[in-house]
Amino acid sequence: MPAISGSEYIDRMNRLQTNIWVDGQRVAGKISEHPAFKGVIKTQASLYDLQHDASLKEKMTYPSPLTGKPVGMSYLQPKTKEDLVKRRAMTQEWARKNNGMMGRSPDYMNTVLMAIASSADILKGKENCFPEHLVSFYEYARENDISMTHTFVNPQVNRAQFYFEETEEPIAAKVIEKNEKGIVIKGARLLATQGGITDEIVVISAGGAQDKANGFAFSIPSNSKGLKFIARESFVRGDSSFNYPLSSRYEEMDAIVVFDNVLVPWDRVFFYDNIEVSNRFLFSTGFLPFALHQAVSRQIVKTEFILGVVQSIIESINISEYQHVQEKASEVIIALETMKALVIKSEAEAELDQWGFMRPDQTTLQVASNVFPKVYARFGEIIQQLGASGLMSIPTEQSFQSPIRKDLDQYLQSKSDDAETRVKLFRLAWELSMSAFGTREIQYERYFFGDPIQLASKLYRSYDKDPFVKRVASLLETP
Amino acid sequence: MPAISGSEYIDRMNRLQTNIWVDGQRVAGKISEHPAFKGVIKTQASLYDLQHDASLKEKMTYPSPLTGKPVGMSYLQPKTKEDLVKRRAMTQEWARKNNGMMGRSPDYMNTVLMAIASSADILKGKENCFPEHLVSFYEYARENDISMTHTFVNPQVNRAQFYFEETEEPIAAKVIEKNEKGIVIKGARLLATQGGITDEIVVISAGGAQDKANGFAFSIPSNSKGLKFIARESFVRGDSSFNYPLSSRYEEMDAIVVFDNVLVPWDRVFFYDNIEVSNRFLFSTGFLPFALHQAVSRQIVKTEFILGVVQSIIESINISEYQHVQEKASEVIIALETMKALVIKSEAEAELDQWGFMRPDQTTLQVASNVFPKVYARFGEIIQQLGASGLMSIPTEQSFQSPIRKDLDQYLQSKSDDAETRVKLFRLAWELSMSAFGTREIQYERYFFGDPIQLASKLYRSYDKDPFVKRVASLLETP
Amino acid sequence: MPAISGSEYIDRMNRLQTNIWVDGQRVAGKISEHPAFKGVIKTQASLYDLQHDASLKEKMTYPSPLTGKPVGMSYLQPKTKEDLVKRRAMTQEWARKNNGMMGRSPDYMNTVLMAIASSADILKGKENCFPEHLVSFYEYARENDISMTHTFVNPQVNRAQFYFEETEEPIAAKVIEKNEKGIVIKGARLLATQGGITDEIVVISAGGAQDKANGFAFSIPSNSKGLKFIARESFVRGDSSFNYPLSSRYEEMDAIVVFDNVLVPWDRVFFYDNIEVSNRFLFSTGFLPFALHQAVSRQIVKTEFILGVVQSIIESINISEYQHVQEKASEVIIALETMKALVIKSEAEAELDQWGFMRPDQTTLQVASNVFPKVYARFGEIIQQLGASGLMSIPTEQSFQSPIRKDLDQYLQSKSDDAETRVKLFRLAWELSMSAFGTREIQYERYFFGDPIQLASKLYRSYDKDPFVKRVASLLETP
Amino acid sequence: MPAISGSEYIDRMNRLQTNIWVDGQRVAGKISEHPAFKGVIKTQASLYDLQHDASLKEKMTYPSPLTGKPVGMSYLQPKTKEDLVKRRAMTQEWARKNNGMMGRSPDYMNTVLMAIASSADILKGKENCFPEHLVSFYEYARENDISMTHTFVNPQVNRAQFYFEETEEPIAAKVIEKNEKGIVIKGARLLATQGGITDEIVVISAGGAQDKANGFAFSIPSNSKGLKFIARESFVRGDSSFNYPLSSRYEEMDAIVVFDNVLVPWDRVFFYDNIEVSNRFLFSTGFLPFALHQAVSRQIVKTEFILGVVQSIIESINISEYQHVQEKASEVIIALETMKALVIKSEAEAELDQWGFMRPDQTTLQVASNVFPKVYARFGEIIQQLGASGLMSIPTEQSFQSPIRKDLDQYLQSKSDDAETRVKLFRLAWELSMSAFGTREIQYERYFFGDPIQLASKLYRSYDKDPFVKRVASLLETP
């Protein structure tokens, strides 16, 4: 089944019966009706539906190289710069549908899988590596429009520089056995966003393993035996899109993933038991340039949304004349145009990799990934500063349906809006910058590609500074 | 009844039957059992109880000048620098009980009332001014340990620099009638924190009125006829102090106050219908130095609490070796010591006002009120940056009481804490910096004494820069 | 004479005998040998010489549309995006020669003149406007490779928002007479960089005039009668390129321009006595996009140079392992890549204007002009922080030629450099960030396109925010 | 000879004939007439003269405990909080005389010597330690009003974390021999401010030595045999106090100190050859609290001066109405009041040390030493931003004495000043924020007490965070 529709996605999720725990209860019944998941599942379904919108078919899909049937554009292995532009257009179409709030819209993982599968040759001929499993899983996912999540991170037990896990029972997930059927995993990994509402979970070592048992890459169905998702507290506070315009639609949820002797069948193992590969694989592939290209494209749309909110507040309470207001709004504009410029540069400077795929310029996108965490956190502050006391006492939808409505209508009107419109706008601004949902988005963007301090160090180390050092030396040598 | 106990406070609140609306419902029954209010009422009661703690009696009360019975120390009209130190000690005792989270603990309004009553003479002999009403209300409040809220702010309809309200029906509360019983108020005012859970509401013009009908000062019982409190959405998400260690205890609530033809009896009118007085009164009194002295004293305790959380995170996940971690923690230390130094300076440089009361140095405290909004917002960011991914997927109390507890115990332990302790700590850190309660605290501190940009302008304008200009001129004139 | 060589430039300057005052003395004799000017004149000459470097001819010149002879590429009226890339390549070639330190290398004014001449039609048919003079001056300049400076700014007497000059004698330059020969100018204008070492001075109102006599545009030879340049203190401290590697080469000098009844002949008057034109002309032309495109291209090269210095310091004293060092260097990298991305975007989004010329996207370049002043000031701080105490006691060239050389050799060596090399590097770092020359560069970049606060306001006002406001409205309206 | 006068200081300096090198030349003749030194020597002399000003005698001196004659107040060993206030008053009196620009006015080193001598007992009974030499040198200095400089820093060869000097010839100064007369030192130390214009140079290990030969403390006359001062380039550009109001008076100069087999006689050796003592001594004494108390007191006066300059610019060009101007000036006010508050707190919380001397609170002063480097660098930026283009083309004194004076008078007048006054003010602003002298002051304050990043780490590590961690634990344990 190529490029699926929303209802197919929903059906699959309900059939999975994944083992998910929310607030001490195992989710039972249809997950698409569970309060914590129904909003995001509905929004995700609406993304898939765009694939079947006749006017968008060209944008959202391309003919499968195997079958000629339309498959999701995010699976496209780009061979030209135009392909990169197509990929960006697709991502931004989906992003506009969720205002960039869903960091794990399906194109993210599709892109990740495409990126690593396109570099599968790296694994060729190496011990305990199965590049053909990776390629065939990519094809399977593409042809069946499989939804995925992933988890790269080990539990945060001790963040000292030199730390070795010494507990008897594993904490970080590791291979504890291999047998004729596959490898057996025990332990946990953190932070699977959308964990439990995707067909599969992809698990890949991101490097840094000191024990080879902690290094592996595979994908398994979310309902695999022994696999458990422990969700954090849900930030959905109700169905009202008046009260919670964002979380009622876009709350993706994060989960801890527990592997309780989970069997990964051999045909789903991409590699294991090879410390060198596990520590180098991910960043040797096209993972970083392609995943960053998707993320930055989405973040641009998110920034546009922020600018829309900022300007709506300015107009609502009529504060555009203030210089400091103009300066704050211009910060958002500068960030938006900077991100747009960086993605354009990454495409303009894209180059073919050794396998003939067109990679956007990684350095340029690394710069974007250093910029966005800072500006996105700042956006929250800007919205708080513009909304000011107006963000402190916003009533709810129910208040507008009660006898006090006439008070609200009179006392909460603003320069350009009636009370209800203005309250809806301020609830949105509040949810974006001050709710548990909104601050989680800030934290999410801040750590999207890792610790910002590490990101800066990596950029520094990988950047070619030599030509400029030489230019200085040449000046100093010239009398 | 002098210095009351917690149970007296609770009884009074339940008897009032104030007209409060939460989420479209009027509060009915005992307010001390209402989910939105029970936590904060209980905490507030515990503050009052400290007045009856034998070991603290000297600290928390002083003998009434009228009756000799113990009355709340926050009512003390200070005549010496030692009196200021006593006032600070009292405020910090109460603040430690709520970790500085309750900006409207009773000492705040008690201090405000003391401050303006101590300057009541300003009103003497002025048209439509009743200094004797103010003084006798102060004495009434002191002798009966009356709890109060207040509201200084008009609705935020239009924040342009030149704006005159032109609607037929009043929006900002105004006097629409006077009769033999008193004055009649119609319209709204914003942002009464603890609105509805205090005996009285004090309403004072903060200046800036263009229509004399908008200028007045009075106090009325919270259950006055026609008076309505429209609460914002409650940020209490449950009773569990494991899940919500702060909001379950300290959520003070903010409300819009609607005056629907509310009669203010003459003996409660402090002034009205005098534009000059209404625009100058508040800032001519000891309001600013005394209210700032209370607030800064509380904010010091709050900063200590932040430092405690910051250091607890550092120890829990063992990150004290990192330079950037040390730098972030040192930011909190620097802020803490700066605030402490400013309050000490304000006391050391206190001076007797014209009525013989000892005012702490206002300029010094204005500096503190410029500093704190910035650093407190920064604290939230620091906690987010130290907690990092650990703040992204924290389970709830219920999870620990379910079959998955053993997973949590294994996978969420940290270097120095077992899983439950660590999760409790991270929930606290999350609630402090990322929950709707926590961000509301940031916004509250940011606007506590007004728009930060205005605060800086005021400080600049009021500061005596002349001696330094002269020093420069003298240097330039010296050959 | 098309594209000139360095010696032709020098000859012209020496022949002009412009009326320039330095430190209370009128410059006499050959200006190319005057201590304050010889370095920059020599460097400027070396730029012109590149036009005659066979390997660069294609890059630096193009065939004159009038004569087919090679004229300077900075005069090119671009008709395609490729033309923009050519213009950028030329600017960056020159910039590398001066490490981006010369904000007024000839391409800047050539570009400005090209830009306004290409929009000369705006003046057509308007009162007191002479578009044909502008076009023919452009052609004259192009065909003769005329060097120019300009001045846009009135004296800074009073910067209050509402200020009208009321002195009897003009302060800001104005037309005080017109006669059959031309218009007569009296008064001053500020800040002609390179004032006195160019063939011509172009004077154009930048808007904001309240008196039509202050509004005009013209160009006259630098040695016009009554024209006087009052230079600021020279920041050249000596000829030694060891001691002063930058100022000995790149000190462009700034001057106040005094018009003492200067006659501007009619054929050099572009417009006068038309308040509307004078307040709108400049920003209606291609001035901003083209001048910004040149400036940003140069600033990129300057940023590369900064990165070279930063990395050279890091290597010299071996501090690359420190995280905060990596972070500071990465700030420079991020700025560099951002500026490069913005110029690429401005070209990718260039559009033909109404006269068929290809304008780079103005908004994108405005963003760059908001970014650079901030980052360039920050660069100075970064260099100071990395150089640290090493910048506090750097000896001079003469010390190395004295008996104490052996002490210096022993005690000032660094990890990777001998003492002399290291001292030269640190002198460069010092001159770049801490000398009068270096701080003037910071101030120059900070105000290059006007007051940074105004730049942010302009960007905000001109940016099209509507699509994003509508997106927000649409979300709020969707149930 | 107790508390000396200015002329006595000058005579001594001229008699010393210290071996100082400036720009490759050894200073010959009277140093008080050397262009690089005459300004600062004259200013320093004027400080000493204040000791003989009858109206200031009480403030500037106290009776010697040995002779009863007046000795400099900076030698006072404080036993009460009032003594600390006296010490501060003395420092600020001197600081006002040099506008806080002289970081090494004599009270600094007098204070350092007093502080370490007051803790000399630490050395008692330890190997190779001579506490009695230290005490008697303190008394000698006090009774003879000896001027001193010092040097704590080793050459900056390699700043990697793990670095051991491996050269054959010493780089960092070390003991290479001991004999019956004393110890012999070879090598260099950095950054003796006022090096060469003081009677003595004090050399003390500041910790961090890995080789015991690098650890010692002593004082020797500046003209000791084999001792050489290599000055950096002088930042005095001329005698004109119109052109250079600061450097012509306050340029203290920094020097590298070379020890070419310098003999330190035994009675001047405080300790040597004891790695533990050398690494702990300085920070075990009262050095930090007392030196910080002096420095912070001076920095307060310097900040007042900055505020004077800032406000003078604001008035001169009439920009006080702008909000961003008010905000920038308020930054200076906030810094000033913060520094004042911290010094008051340090005195209020002073405690007697084990030898009965009253130490100001060290932690509070460490906070100040973390604050000032940041704000002082920011002040430079603020002055640049307020002065704006007015700082770009300022003429010199000579211009006002030339035929172009009438042009300057007309075109450089400002709202409130005539041209000459305004130019003098802007030259001062320029020298303070943009000259080599001004930026050296920024760098000097930035590193006054060490690398700012290390300062933050030290503050973090030494601060007692436990009470606050316990408060958090107690909240978490309370149900």
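To keep things simple, chains are lettered A, B, C and D as they appear, and every chain counts its residues starting from 1.
The rule we apply is simple: a contact is a pair of C-beta atoms (placed from the backbone, for glycine too) under 8 Å apart; a residue touches a chain by one contact, two chains touch by 3 or more.
Predicted model, so just to flag it, every value in this text is computed and none were measured.
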| item | value |
| --- | --- |
| A-D against C-D, pair bridged by the larger set of C-beta contacts | C-D |
| Longest centre-to-centre distance from chain C, chain (CA-based) | B |
| Rounded Å distance between chain A and chain C, as computed from the means of their C-alpha atoms | 43 |
| Where chain C and chain D are represented by their mean Cα positions, the distance between them in whole Å | 40 |
| Separation of mean Cα positions, chain D and chain A [Å, integer] | 53 |
| For chain A, residues contacting two or more additional chains | 323-324, 453 |
| Footprint of chain B on chain D - complex, ascending | 96, 99, 241, 245, 304-305, 307-309, 311-312, 315, 323, 326-327, 329-331, 333-334, 337-338, 340-342, 344-345, 348, 363-364, 367, 370-371, 421, 424-425, 428, 453, 456-457, 459-461, 463, 465, 467-473, 475-476, 478-479 |
| Contact set on chain C toward chain B in their complex | 323-324 |
| Complex contact set, residues of chain D against chain C | 21, 23-25, 153, 155-161, 163, 169, 171, 187-188, 190-191, 228, 230-233, 243, 254-256, 258, 260, 317-319, 321, 324, 377, 381, 384-385, 388-402, 404, 407-408, 410-415, 433-436, 439-440, 442-444, 446-447, 451, 453 |
